[in-house]
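Here is the structure we will look at, set down as structure tokens.
Chain lettering (A, B, C, D and E) follows the sequence in which the chains are written, and residue indices restart at 1 in each chain.
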Amino acid sequence: MSTTDAALPALPSGEPPRTTRPGGVFARPQTDTGWRSWVTTVDHKKLGIMYGTAALFFFVIGGGEALLIRIQLATPNGKLLSADLYNQVFTMHGTTMIFLVVMPIGAAFMNYLIPLQIGARDVAFPRLNAFGFWCFLFGGVMLNSSWLLGHAPDGGWFNYAPNSGVIFSPTHGIDFWNMGLLITGIASLTGAINLIVTVLNMRAPGMTMMKMPVFTWMALVTQFLLLFAIPVLTSAQFLLMFDRLFGANFFKTAQGGDPLLWEHLFWIFGHPEVYIMILPAFGVVSEIIPVFARKPLFGYPFMVFSGIAIGFMGWGVWAHHMFASGIGPISVAAFSMSTMFIAVPTGVKILNWLATMWGGKLKFSSPMLFSIGLVTMFTIGGLSGVTHAVAPADTQQTDTYYIVAHFHYVLFGGALFGFVGGWYFWWPKAFGYALNDTLGKVHFWLMLIGFNLTFGPMHILGLQGMPRRTYTYKNGYGFNFWNMVSTIGAFVITVSFLVLAYNILASRRKARKAQGVGTGRLTMAADPWDGRSLEWMLPSPTPAHNFDEVPVVRSLDEFWHRKYGEEEDGRLVRIAATEDVVQKGTNTDVHLPSPSYWPIVLAFGLPFIGYGLIYSLWFAVLGGICVVGGIYGWVMEPSVDPDAGHHDPEPGATEPEPSGEAAADEEAALVD
Amino acid sequence: MTDATATAIPHDAHGDVGVTAHHTPSDGHYVRVALFLAVATALEVILSYTALHGIALLVPLLVVMAIKFVIVASHFMHLRFDDKLLSKIFYTGLLLATGVYIAALSSLHVFAGK
Amino acid sequence: MFKLGSKLWYGLAAFGFLAAFVYAGASGHHAVGMETFVGAISLGYKGRVGDHLGYAVLVSLGFVSLFVGIVLSALRDADPEAAAQVVGLDTVPAVEAPRTASFWPLVGAFSLAALALGLAVDKLFFVVGLVGLAITVVEWAVRNWADRATGDPEVNRAIRHRLMFPVEIPGIALVGIGLFVLLISRVLLALPEVGSSIVFGLVPVAVLAVGALVALKPKVSSTLVAVLMLVGGMAILAGGIAAGIKGERKIEKHVTQHQGLNVQLHPGAPQGGKVGG
Amino acid sequence: MLGGRLRRLAPLAGAVVLLASGCAKKAPQTTLSPKGPEARTIANLINPVFLVAGVVFVLVLGGALFVAIKFRARDDDDFDAFPAQVHGNFKLEIGWTIVPAIILAVIGALTVSTIFTLSKKPVAGALHVQVTGQQWWWEYRYDLNNDGKFDEIVTANDLVIPEGRQIALTITSRDVIHSWWAPALNGKKDAVPNHRSPLTIQADHTGEFIGQCTEYCGLSHAQMRIKVISVSADEFTKWADNQQKPAANPTEQAAVEGWKVFAGQCTSCHRVNGLKDPSAPTKDFAYPNVVNQRAGVVPNLTHLMSRTTFAGATFDLRKSDDSADGRYCKALGIHWADKPADLTRCLNRVDLEAWLLDPPGRKPMAPGPAMSPASRGMPNLHLTGQQIDYLIAYLSTLK
Amino acid sequence: MRRLRSLTDIAAPSTTEAGIPVAVPDGESHGLSHATSTGISNEKLAMWCFLGSECLLFGGLISTYLLYKDKAVRGPKPHELYAIPFTSVSSFVLLMSSLTMVLAVSAIQRGDQRALRAWIATTALLGATFISGQVYEFSVFLKEGMGFTTNAASSAFFTLTGFHGVHVTIGIVMLLSVLVLSLRGRLPQERAEAVEIVGLYWHFVDVVWILIFTVVYLIK
């Protein structure tokens, strides 16, 4: 931020100009350090990190809830939790893990990486991006605040009506579930619009769609799924909200309400949702495996199109969650078939990853181990998924621990394994130091073992008939042994994550010592893994402006091809030293979107409207003022502070000329 | 998905009758479209007052409705004159919605016995 | 001439009189009519006034405020030169940051009085007063602060707008829409059923016609436009008020036969002969 | 690395062994040992699917293991000598698109045909029973004369069926969604309010089949159990005849006292068919007209003592709770169908007393503020020990 | 200097930065929309995404209505109360507002501020008229004994049409904001797209009404 020392011109009134900003309110935030920079940031990288941090925070909460579940179920007739508390705990565990952990971790990766991978300065609507993050955070906090305000939601994560109606769940828990998720839904929707526009519109010159990294592709598909799936949940939630708060009759069976309406609406959202959770992780491992196999991704077009196919097919299978609900044999048969065939594009992905590894030179660094973990563990979960798809069989399996095993294998064994691999992989890029690989391997093996100990036995328990969502079980059903094993496994998982926590701290301390920077900024080599996509061209950590110079893209794996050429016979030869092709991060000419207060102001109002609807409309008035004011303040504020540090003018460029009729940027965002 | 490169290619209309992205239709055109829509609406109302019922009423009404919808989308909302990508996104949403909701409603037997 | 202080008092005075007038009528047990009107105007000399005590308090409020306001005006309220004279200074104090005309004191006074009145008469007044007061406090504070923010009135105005427009524009827009909708729907409700459809059809036609006239005929003078808009606005206002007074047309409750749903009702609906549920 | 992989497989291997052994005795709710044609149809479908899944599992995991070992970078490798850069192989990829599709098409065809087999209309001689779920117990109403009205027998907790005969269940609910499931007989069917869903079951032999409500239905979802008792055709007729009788007036002194308490305290919810007024023993009892949504939709107690369980099949009504077969009183060595009168001596008084003393303390329920429409479950009526003694004496007469 | 400029900028908005020849985030891209990879401006693409998403929201509500339209344990069902002639006028009003909206866009594309303002104001007024009609209709239904909580059909009806009404109202607020901007000289010809985007939203609301009118009102 340079200030000019030119003399200040006099004002029309003749008064000497003041040098302080009036009142402070209008001072646009400008810092890029300190807590204020995080609160007001619109930088996709910072937001990505914030998404990740918040998600980890919620993961500890959701994981703690999981541990409570497991302790309760370790032995028959567990006494730790009452039935009421247990119901809240498993509801919040599922809701937290899905909406506040896996989805936002995905969002973290997508926010951080998409602009870098397509060679953009930022996302298309940086403030909207910030707004999305705050919505997610405040929605999640509001949801969890129900613990402190009397009663947490207790309807299960899919919250079937009419059990979620006022009669059967008279506390405010379900209202919190509704409001909290409506608010995080706004985050998902705005995020989806933003990232879709970013990917479609902000690609570097030459980066055609089929030259985009697979991660970006999977992110694009995910965002389209979000774009279309979230409003379905929103509509269902509005119906339920009107029922509970304003006496409507959508799910009141005495008034003719139909509980299956909720089931349909929820799962029309819910099934695309599961692909929303897994596709980003698929994208992550598609980036990792080629790097550590030192081979290009096998069958890039197949990988892309299978992702798109999964996205589309994901819309036609939702009723497989309702096989036992009595929807009639024709519906059951149709949805059974459509569900099975999702295994086809998914199988293509699995086999293509194996084929990528085939003939490669595999280096088992931590990211690679976790990626292989995904490939194998997800397959197990996918196969049990196919056994559910066989509808008659599912009527034996549904709502038993066999299902619990399935979805933990795909969610934990799939999504989380992939994401954890992604952390190890991109950690240097984001934070300027690498995580210790040995500790990473310890983490991996503990997690793999703990995971299988926890969820493997659930297959057996389920087939032995143990129903899910039961706070206790009796002696004599053959459930005792495997439940105990499962509980032990859960603690092994916990230890594995403690290893990760230790790794983060220890590696940072070590890097600090090695670089002698005290509490300062750590830096490291741009390209620690010999990477392939554009983000590895940037210094680590990524500078605020991303690219010194936007690269012109000529091929898939552009960065790789700047380092290596391929000979006739397919052999690689180095054509440039890495140091020569990475960017220095020294450009100071770049004009970035400025930080803003409005996103957080606007988002802050939303939970208040939520509380207002639950408790007293006065809160809602406050919230409404925040929201309306936030919107207009936002709209009237230029997205780029004309005042912000321009650094030095670009060589050759003149100072911007004031042109009378040129519009201010202020309204530019009228609709964003 | 379009496979557009970032090198700005002015997006010319795709052979649409005499209008390009840069030459949107005249005001007169819009007025004529609006008149057509008004007439179509009137037709719908009249239909609903005729003796027709059941499927014989349903089909023409839905057809006119769909026509009106598409006309507003393609003329007033410029989908015809704009990049096809926009149409793809919007109609994907629309068709997805139609598909899933019709499937859900039929599984709830809404269309049975009508 | 009319400076901050005096305006506040004038406002309060006006409100006092108005409130007294309303109160005189509202607190009486008799039907409101000429009698009450005359009574309120004539300070109860002729005609009828409801609660005398309250009326007297409000009228006094009006008179006292008026008096103080006049005195302040006469003393050249807040005029720095006058102030300097009064205090006996040689030089006039430094020019304050330029101020722009403000009507907030007026509104504030009204609100305050409405608040007081509300305590005595009707909750509606209280709420109106409260809202008015809240708006006043915010607007006034922002304005005063903005007026002093820099020495440049242009800039000051810009600052004010930047802070307040986000709230004002949607606020005013919503109130405007609300008013419009309220008035028109009252008119429609007052008319017989067929009439309402016809009037409902006429409104957009008129709107369209005027819109088209303005848009297509650049020659139309702005006065004409202003007049048209004024007339239109007045018509809607008058129509709405008239309709409100007349009240809604009679709307019959709809009676339906229910064959009863094929629904198994919740509380153990009897299920047949032999077995008691 | 290899060691870890093997260790990971260990529990799975164990699982396979355990699954194979089936062990119905130790796992009464298992899905793996069908005891009726419907459940067998499902098992016959799922077993080959499990096999296919197992094969794919072994291939993919084995493949991954193989690749990981075979192509791992050795430390002495020269890292700048790159492996061949293969970008893909169209034929191969088409191959592994088509092969799974074919496998799935086969599974799909089998699945669809099974779906329609299972949803066939019940045969003419089937016994029709309406199953109504409510928080947190199951009510069974029988249509013995096949007139479409389920009004001959109303009972709770135990579904008594004749062996070898098809039972056509109609499943519905009075409050929230539940799911009826007796794994040995058939898969689940949700009990959805405002919907009536069919499910057929049939037991090969006599015996008891354990099940449970499997759709999360609030507080006591875990305690909403199911017991199907399959008996011989004779036994069933006897049972059915008994169930259709109204209750007789009690004669014993304690029971008469209990009758009075019952009429005063319990009749705002419970019904006993043929209940007479204790003060005018020939007059039909006039049930109090209380504003209570639950009135009449709690378990009918007319033949309470003929059941083996109570309170949503959560507690045993017989002392022999270590016996898997509640139809016998082990202590006395008698069979209930033979000497129903003697069964009172085998009554599980401990649990029943505890239940009457504090129902929500025995089973999580939300009876809510007295008799409110939101009340769910049986409230604590603050009965004295004496009242409970009397009540049990009376309840023991409800055979 | 820096600080003061910001203030004067607000008073007399002027600066636009010379564009970087690549896609740039947010409002910075205005006037440079051809620098995006697709040639479509970010804002417009975003609006279309949003509208695609809205299809599923309204789809859910329309489906709910279709499911429940005959489910009434007590009180009248919506379709027993419809006054088709009145609602036809409503539809007409909204249709015409779409016309005036598109004329407004066309006006600003020509740079005709006066016509722009006239058409925008007309559109807003027509929208408000529509809402008046809806309020009237709701009041009548209420009087006739069908409130929001009367039965499942009425809940579904009011929710669907109410959601639509809220959309229209938001649209009017947006239109009035556009009007204010234009009056303050902040909406030059180059910014025509801002109006066009508001227009897209407005037309969408109209298009939804086309569905509602036929599916909800005309089909019994």
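As a convention for this text, a residue touches a chain if its C-beta (ideal position, glycine included) is under 8 Å from a C-beta of that chain, and two chains touch if they have at least 3 such contacts.
Note that this is a predicted model, so its numbers are computed, not measured.
Visitor: On the document's contact criterion, could you list the chains that touch chain A and likewise touch chain B?
Guide: Chains in contact with chain A as well as chain B: E.
Visitor: Which chain would you call central, comparing Cα centres to the global Cα centre?
Guide: A
Visitor: Report, in whole Å, the distance between the mean C-alpha point of chain A and the mean C-alpha point of chain E.
Guide: From the centre of chain A to the centre of chain E is 31 Å.
Visitor: How many angstrom lie between the CA centroids of chain A and chain D, rounded to a whole number?
Guide: 40
Visitor: With chain centres taken as the means of their Cα atoms, state the distance from chain B to chain D in Å.
Guide: Whole-Å distance between the two chain centres: 52.
Visitor: Among the residues of chain A, which are close enough to touch at least two other chains?
Guide: Correct list: 11, 17, 22, 26, 200, 203-205, 207, 227-228, 232, 253-254, 256-258, 260-261, 265, 328, 632, 635.
Visitor: Mark out which residues of chain D touch at least two other chains, giving numbers and ranges.
Guide: Within chain D, the residues that touch at least two other chains are 175, 193-194.
Visitor: Could you pull out the residues of chain B that touch at least 2 other chains?
Guide: Expected reply: 2, 4-6, 85, 92-93, 96-97, 100, 104, 108.
Visitor: Where on chain B is chain A touching in the complex?
Guide: Going by the criterion above, the answer is residues 1-7, 85, 92-93, 96-97, 99-100, 103-104, 106-108.
Visitor: Inside the complex, what are the residues of chain A that reach chain E?
Guide: Answer in residue numbers: 3-4, 6, 8-9, 11, 17, 19-22, 26, 28, 120-127, 189, 192-194, 196-197, 200-205, 207, 227-232, 234-236, 238-239, 242-243, 246-250, 252, 254-258, 261, 265, 550, 590-591, 593, 632, 635, 638-643, 650, 653, 656, 658-672.
Visitor: Applying the document's contact rule, which stretches of chain E touch chain A when the two form their complex?
Guide: For chain E paired with chain A, touching residues are 1-7, 9, 12-18, 20, 22-30, 36-38, 40, 42-43, 45-47, 49-50, 52-54, 56-57, 59-61, 64, 67-68, 71-73, 148-152, 154-156, 159, 163, 174, 177-178, 181, 186-188, 190-191, 194, 197-198, 201.
Visitor: Spell out the residues on chain A that touch chain B in their complex, using ranges where they run on.
Guide: 200, 203-210, 224, 227-228, 232, 258, 260-261, 264-265, 268, 315-316, 318-319, 327-328, 331
Visitor: Report the residues of chain D in contact with chain A in the complex, numbered from low to high.
Guide: Listed in rising order, the residues of chain D that touch chain A are 1, 4, 7-8, 11-12, 15, 18-19, 23, 26-32, 39, 41-42, 45-46, 49-50, 53, 56-57, 60-61, 63-64, 67-68, 71-73, 77, 79-80, 82-90, 92-93, 96-97, 100-101, 104, 107-108, 111-112, 114-116, 118-119, 135, 171, 175-177, 179, 181, 183, 186-190, 192-195, 197, 212-222, 364, 368, 373-374, 376.
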